[in-house]
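Structure, as C-alpha cells:
For clarity, chains are labelled A, B, C, D, E and F in written order, and residue numbers in each chain start from 1.
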Amino acid sequence: MRVLVANPNASEAITEVCAKLARAAASPGTEVIGWTNREGPPVIDSFYGDYSAGRPLVRALVGFRPRPDAVVLAGFGNYGTAAAKEALDIPVLGMAEAAMALAAPFCHRFVILTTSRRMVPYTEDLVAALGFADRCRAVRSIELPPVGVDQPAGGRVVEALTEVVHRIETESLADLVILGGSRLSPFAERLRLYSRLPILEPVACAVQMVEAVVRLGLRQSKIGKYAPPPLPLADYG
Amino acid sequence: MRVLVANPNASEAITEVCAKLARAAASPGTEVIGWTNREGPPVIDSFYGDYSAGRPLVRALVGFRPRPDAVVLAGFGNYGTAAAKEALDIPVLGMAEAAMALAAPFCHRFVILTTSRRMVPYTEDLVAALGFADRCRAVRSIELPPVGVDQPAGGRVVEALTEVVHRIETESLADLVILGGSRLSPFAERLRLYSRLPILEPVACAVQMVEAVVRLGLRQSKIGKYAPPPLPLADYG
Amino acid sequence: MRVLVANPNASEAITEVCAKLARAAASPGTEVIGWTNREGPPVIDSFYGDYSAGRPLVRALVGFRPRPDAVVLAGFGNYGTAAAKEALDIPVLGMAEAAMALAAPFCHRFVILTTSRRMVPYTEDLVAALGFADRCRAVRSIELPPVGVDQPAGGRVVEALTEVVHRIETESLADLVILGGSRLSPFAERLRLYSRLPILEPVACAVQMVEAVVRLGLRQSKIGKYAPPPLPLADYG
Amino acid sequence: MRVLVANPNASEAITEVCAKLARAAASPGTEVIGWTNREGPPVIDSFYGDYSAGRPLVRALVGFRPRPDAVVLAGFGNYGTAAAKEALDIPVLGMAEAAMALAAPFCHRFVILTTSRRMVPYTEDLVAALGFADRCRAVRSIELPPVGVDQPAGGRVVEALTEVVHRIETESLADLVILGGSRLSPFAERLRLYSRLPILEPVACAVQMVEAVVRLGLRQSKIGKYAPPPLPLADYG
Amino acid sequence: MRVLVANPNASEAITEVCAKLARAAASPGTEVIGWTNREGPPVIDSFYGDYSAGRPLVRALVGFRPRPDAVVLAGFGNYGTAAAKEALDIPVLGMAEAAMALAAPFCHRFVILTTSRRMVPYTEDLVAALGFADRCRAVRSIELPPVGVDQPAGGRVVEALTEVVHRIETESLADLVILGGSRLSPFAERLRLYSRLPILEPVACAVQMVEAVVRLGLRQSKIGKYAPPPLPLADYG
Amino acid sequence: MRVLVANPNASEAITEVCAKLARAAASPGTEVIGWTNREGPPVIDSFYGDYSAGRPLVRALVGFRPRPDAVVLAGFGNYGTAAAKEALDIPVLGMAEAAMALAAPFCHRFVILTTSRRMVPYTEDLVAALGFADRCRAVRSIELPPVGVDQPAGGRVVEALTEVVHRIETESLADLVILGGSRLSPFAERLRLYSRLPILEPVACAVQMVEAVVRLGLRQSKIGKYAPPPLPLADYG
C-alpha cells in the first residue's frame, strides 16, 4: 500500500519529520511517500495559513502520479481537508480527525495541546467542526515562537509540555493527550517518559487509521458532502 | 462610509447583482464598491471552491486602496471569512453570518434555502460553525443547474422557492427564511409576494449590519482568534 | 426614523442615561425618544422584577402615539421581550439580544459582565434562551449595591470592571466583553481605556441594529411565535 | 399538608377543574386549596398572557393566609414560575416542570401535546428553559378554539388527541405523552382508554411531587437564582 | 404501599443504612422492605461492579414475593436500572435519577459529590445518560478509602464534604448538592448543619418520588425502550 | 498479532459468522480467535441481555490464556464494554464504537440500521453514550424476528435493508450506513450491491482499528475512567 503523507505547509523539515514518524508507524508493506506543499505557506499558524495552503494542496494531490492508495494530511488544522475529500476518490484523512477518532474509544475526555495561545480558538473550532466537542475537555497551549525565529531546545519544549500535561492530569480529569500540531509531534516519544497519560501523536494515528480504511475498502462517502466538485477542478482557477 | 462588497467568486454578473442589492439596501451616505475576486473560481459550489477563493480574496482585500471602512463578503459560505478577519483590521462581515445574526432576535427558528441538494451538508456545517445550529430548523434546497449550464427562467426559480417555502410553513413550524446563496438573492423580492414568512436577503442584511458596526466603532476582536497572522502575509506564499 | 428607547424600569435617571447613549449611537435622521416604564419597578434585579415590568411595559408600548418606527428595550433581561414582539407589529429589539447578535460575527467567545453575583444565573438563563450559549464563555459579575443604596463612585466601578476584564483576558480566552446591565452602560467608554478587548455597550448596539432592521423593512416574524395574542390586549386584564 | 393549587389565569372554571384533578391526586391528609388569579388574564395563550398573569399571581401568593405548605402552579407555561420561587420560601412547583421531571425516569422520549399550533414554539421554549430538550421528542398540537369561543364537545377533543397520540406512537418512537395545557387535563382519563402510551396529566403530577418535596423538607434553593428579590416586594410597584 | 428498597451490592450494612433512611423518608402507610443483592458485589465502585450486580439484581427483583408496589434501586449508578425497568411491570426508580429529577425544578445548577476521584467520570457518564448534563455544574469528589479498608470517622467525612460544599458555593455558583453514593447518604443530616445549600439525599428522594408515581398509577412506559425482553428471562442464562 | 473476537452472546453460530468476517478483514499476520460467551445470553436484544452478558464476558476475557494482544467485542451494544476496559490492560474495542469512530472522518452524517424497532431507543442511547450523537442522523430498523424463531431468508433481509437504505438516501441526506447488529453483519456484502452509500460492517471495522491501536502501542487510558476496579475481580462475586 502506498500512503502519501502530505505536509500542507512548505517546510521540507516538517515533511521529513512527519515522513519519519509515518514510516515508524506504518505496517510492513506500506510505503510512505512524504510530500511537501511547496506552493503553500511555510507554516499553518492561522486561518490565513489554511487558505494559503488549501488550493495548491488539493491541486497537487489530484495530480499526484503514480496515484497513492490513500492520503494523510499531516497538519493539525483545517486547510482544505473537506476539499481534498471532495476532489479525490481515494481515502483522505486529516491527522487531527484521525487522532480524535482513535482517542474516542480509549479515553473519557481528551485534551489537545497546541503550539501557542493563538491557536487555541482555532483548535476549538476544529474540534467542534469534527464533532468531538463533547469528548474534548480543553485545548491547552505551550508557547512556541513563530516559525523562522530561533526555536527553543527540544528539552525545553518537552519540559513545557510535561508541565502542561501534569496540570491536565491534576486539574481537569482528562485522561488522554493529543499533540495538536506537527511541530509538537517529534516530542511525543520523550514526553511519554514523563507522563502516565497516553500521548497521541497524530501522524502515526493517521497512518495506521488510513491503512485500516484502505484494507476495509472504504473511503469518504462520495454521495453528498464529498461528491466531486460540480466543475472540472481546472475551472475553479 | 465606503463599504466594499466583495464577491468571492469571479463572476462579474454576480458582483453586479450583489452590488445592486447592496446599493438598494445601503443608507444614504454609504458608498458601495462592488469587487470581483477575478482570481477566484467562477462559482463557490463546493469546499474546493472555498479554498480556490480564499487566498486571492484575502490578498486583494488587504491591498485594496483606497481602504474602505468595512468589507461585506457576498457569498453564503466559508471561503476564508475568518482569514479575512485576521488579515484586516477593519470590520469584515460575511453575508451568511449577518443574515443569521439579524434573524435571531426576530424569529423562533429559521430555515435556509440553498441552491442544490449538494450544498445542504455544506450549509449545515456553516450554520454550526457560526453557532446558530439551535436556531436553524433545517436547510432545504431547490435544484439550480451548475453555473455555466443554461439557467431556468426567473419565474421558474421563484416557483420552486415558493413551493419550498410553503412546505416549510406547513410542516416545520419555522417562521423565517434565509436565502442561502447569492444566486438566490435576486429572487427575494418576487418571492416575498408569495410568502407570509419574512424572507431575508443576506447581501442587504450584511450591508446594513456592517454599517451599524462601523458607526459603533466596532470590528472583529483582534485579541485572540482574529489577531493578525504571525508572519507578514507575503510570507505565506 | 423614530426609535422608542423604552426603559423597562421606573427610573428616570436610567432612562436619561440610556437615551443619551442611544442618541450618541443613532444615525443622523434617527430621532430617539426616551420612555420610562413608570408603572414598572424601580430596577429589574430579579425575576420578580421582570414580571412587575412586563405588563405595563407592553401595554404602554402598544398605546404609544405617535407610533415609532421601532422599539428598543433598554434593559438587559427578559421582562417581556417576547410579549412585546407579539403585541406590536413594528420591530422590537432587546438590548441583550442586540449585543449578542452583533458580537457573534466579531469574536470567538464573549463574556457578559453583570451587576451582581445574584444576576449571574438570571443572565445564564437569558443567554441560553436567546440561543447564544455556545458563544458565551462565561457570565461574570462585579458587585454593585442594590438600587436605592449609596452607589460607589464611578471610578471605583470602572476599577472593578477593569479587574474582571483583565482576569477574563488572561484566564478564559474570551475575546469580547458585553456589559450586561443598563447600570453598567455609562462606564463603557471609560472601561475601553483600560482594555484591549472590545467592550459592547448594548443600548448603542440595539439602536444601530434596529435602525438596520427598519431600513431593511424587517420586523419579528408575525407567523408563529410572535403572532398577535389571540384576544384583544385589553381582555388580558 | 395544605397545598395551594394556583391557577394563573382568571377562569374559575379552570380552577375548579384543576382543583378537582388535584384533589383526586392528593394523598389522604393533603388539603388542596384551589385559587384563581382573578387579576390575571382569562387564559394564558401567549407571552403577553404570561406577563399579565405573573405580577398579580406572585403578589397574591406571597400574601396568601393562612400560608400553605407548598404551591402548585396550575398552568403549563412560564407566567412567573421563577419569580414565585424567588418571592416565596415555601416550595413552588410548576405543573410543566413537575410533569417533565416525573416523566424523565419513566420513558425514553416524551411528546408534549398542546392546545394550538400557536403554542408550539412557546412550549418548545419552555422545554428548553427547563432543561429537558434532550428528552422531548417533539411538541405537537391539536387545535382548540380560543377561550370564549364555542368549545368542541369533549368527545371531539378526545378524538383529536387520540389521533395525534397514535401518530406519535407510529412515527416518532416517543413512548410517553404529557398533556401540555390545563385545558387538556380533563381529557386525560378518557384519552388513556385509547392509548397504550402513558398519558401524564400535569396537575396530578405536580400535586404528588410537591407533596414529596414537602415531606422531604425541601424547597427551591434560596442561595443564588431563587434568593429573595433585593427590594421589598411592594417596592417593585 | 410496599416499596422494595433494593441495595444493588451485597453489603447488609449498606442495606440497613438505606432502609433506615428510606423508612425515615416514607409516608405513613408505606412499608419499606430492605433487600440486599447477596449475589452482587460487596460495593459498586466501577463499571465492573455494575455488571456484577445487574443480573442477580434483576433476577431477584422479578422473583420477589409477595410483589411490592414499586422498587427503589438504592445505588447511585448504572448497575442495570434500565434492565430492571424492562423486566418488571411495576415502577422502578434509581436513586440517582430520582435525586436529579427532584433537583431540577428547585435549583439553577446542581453539583454531585461522589466517593472518590475514580467515580467522577463514571458519574459524569451517568448524568449524561439520564439527560441532566445541562443542569449539572460539576461532579466533585472527596476520597473515601475502598470498602474493606478502615474507614475514616464520620466526623472526618463530614469535614471533607463540608469543605467541598463550601468550595462549590464560592466558586461554581451551583446552588444545590446531591450526595452521589449510598456510602455518603448517612452524612446528609450532619452535613446540612454546615451548609446553606440544600443537600439532597437520594434514597429519601427516591422513596418519596416512587410513592408519588404509585399513587399516580404510573410506571415506566412499557411501549418501546422498556418493553419486556423478547425472551423469557430464564432463557438469558 | 492475536486478536480475540469475543461474541458477547452464547450463540456459536454468531461467533462463527463474526470470526469469519474478522478473518476476512484482518491483516496478514493477524490471528483471529473467535470466542463465545457461553455463560451469556443466546442473544443481546435488551438491556437485560446486556447485564446477563457482561459479568461472564469480562471474567472470561481476564482469564483468557494465552493472552491475546487485543480484544474486539463483537456485539453492537453496551454489554460491559467499559467494564472490560477497566478490567483488562490490553486494548478493548467494541464494534459499535469502532464503526462510529471510523465513519466520522468519512461522512457527513451516518445512519445506523438495527434489527428491530425495539432496539432503536437502545441504540440511540448507545450513540449518545459514545459521544457521536451529532454525527448520527438517525437510527432506523428493519424487523427481524427474535432469535429462536424461524428467520427470513437472507434475500428477504437484504431486500428489507435495501429498502431502508434507499429511503435514507432520499429523505435524510445521511451519506453512510452502519449495520448495527451482528445479525446484520453477514448481509453487508450483498447490501453493497444495491446501495451507493458506503455500508460499514462493524466487525471488520473493529478488527482493523484494533490492529492499528496495537501497532501504535495504545490501549484505553488506565488513568481515570478505565483504571482497574479497586478490588480484585474475584471479590466482586
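Basically, a contact is a pair of C-beta atoms (placed from the backbone, for glycine too) under 8 Å apart; a residue touches a chain by one contact, two chains touch by 3 or more.
These numbers were taken from a predicted model, which means no experiment stands behind them.
Within the contact network of the assembly, the step distance from chain D to chain F comes to 1. With A-E and A-F as the two chain pairs, more C-beta contacts join A-F. The most distant chain from chain B, with centres taken as the mean of CA atoms, is E.
Note: centroid distance chain B to chain C, computed from Cα atoms, is 28 Å.
Across the assembly, chain D contributes residues 85, 108, 120-121, 125, 173, 175, 224-225 that each touch 2 or more other chains.
Because contacts link the chains in a way that matches no line, ring, star or complete pattern, their graph is best described as other. Pairwise, the chains that touch each other are A-B, A-C, A-E, A-F, B-C, B-D, B-F, C-D, C-E, D-E, D-F, E-F. Interface residues of chain E, counted against chain D in their complex, comprise 25, 27, 85, 91, 93-94, 97-98, 100-102, 104-108, 130-135, 169, 173-176, 196-198, 200, 204-205, 208-209, 211-213, 215-216, 218-221, 223-226. Looking at the complex, you find that chain F touches chain B at residues 108-109, 173, 175. Against chain B, in their complex, chain D makes its touches with residues 117, 120-121, 124-125. Contact residues of chain C toward chain D in the complex are 10, 39-43, 45-52, 54-55, 58, 79-80, 82-83, 85-87, 118, 120-122, 125, 128-129, 146-148, 224-225, 227, 229-231, 233, 235-237.
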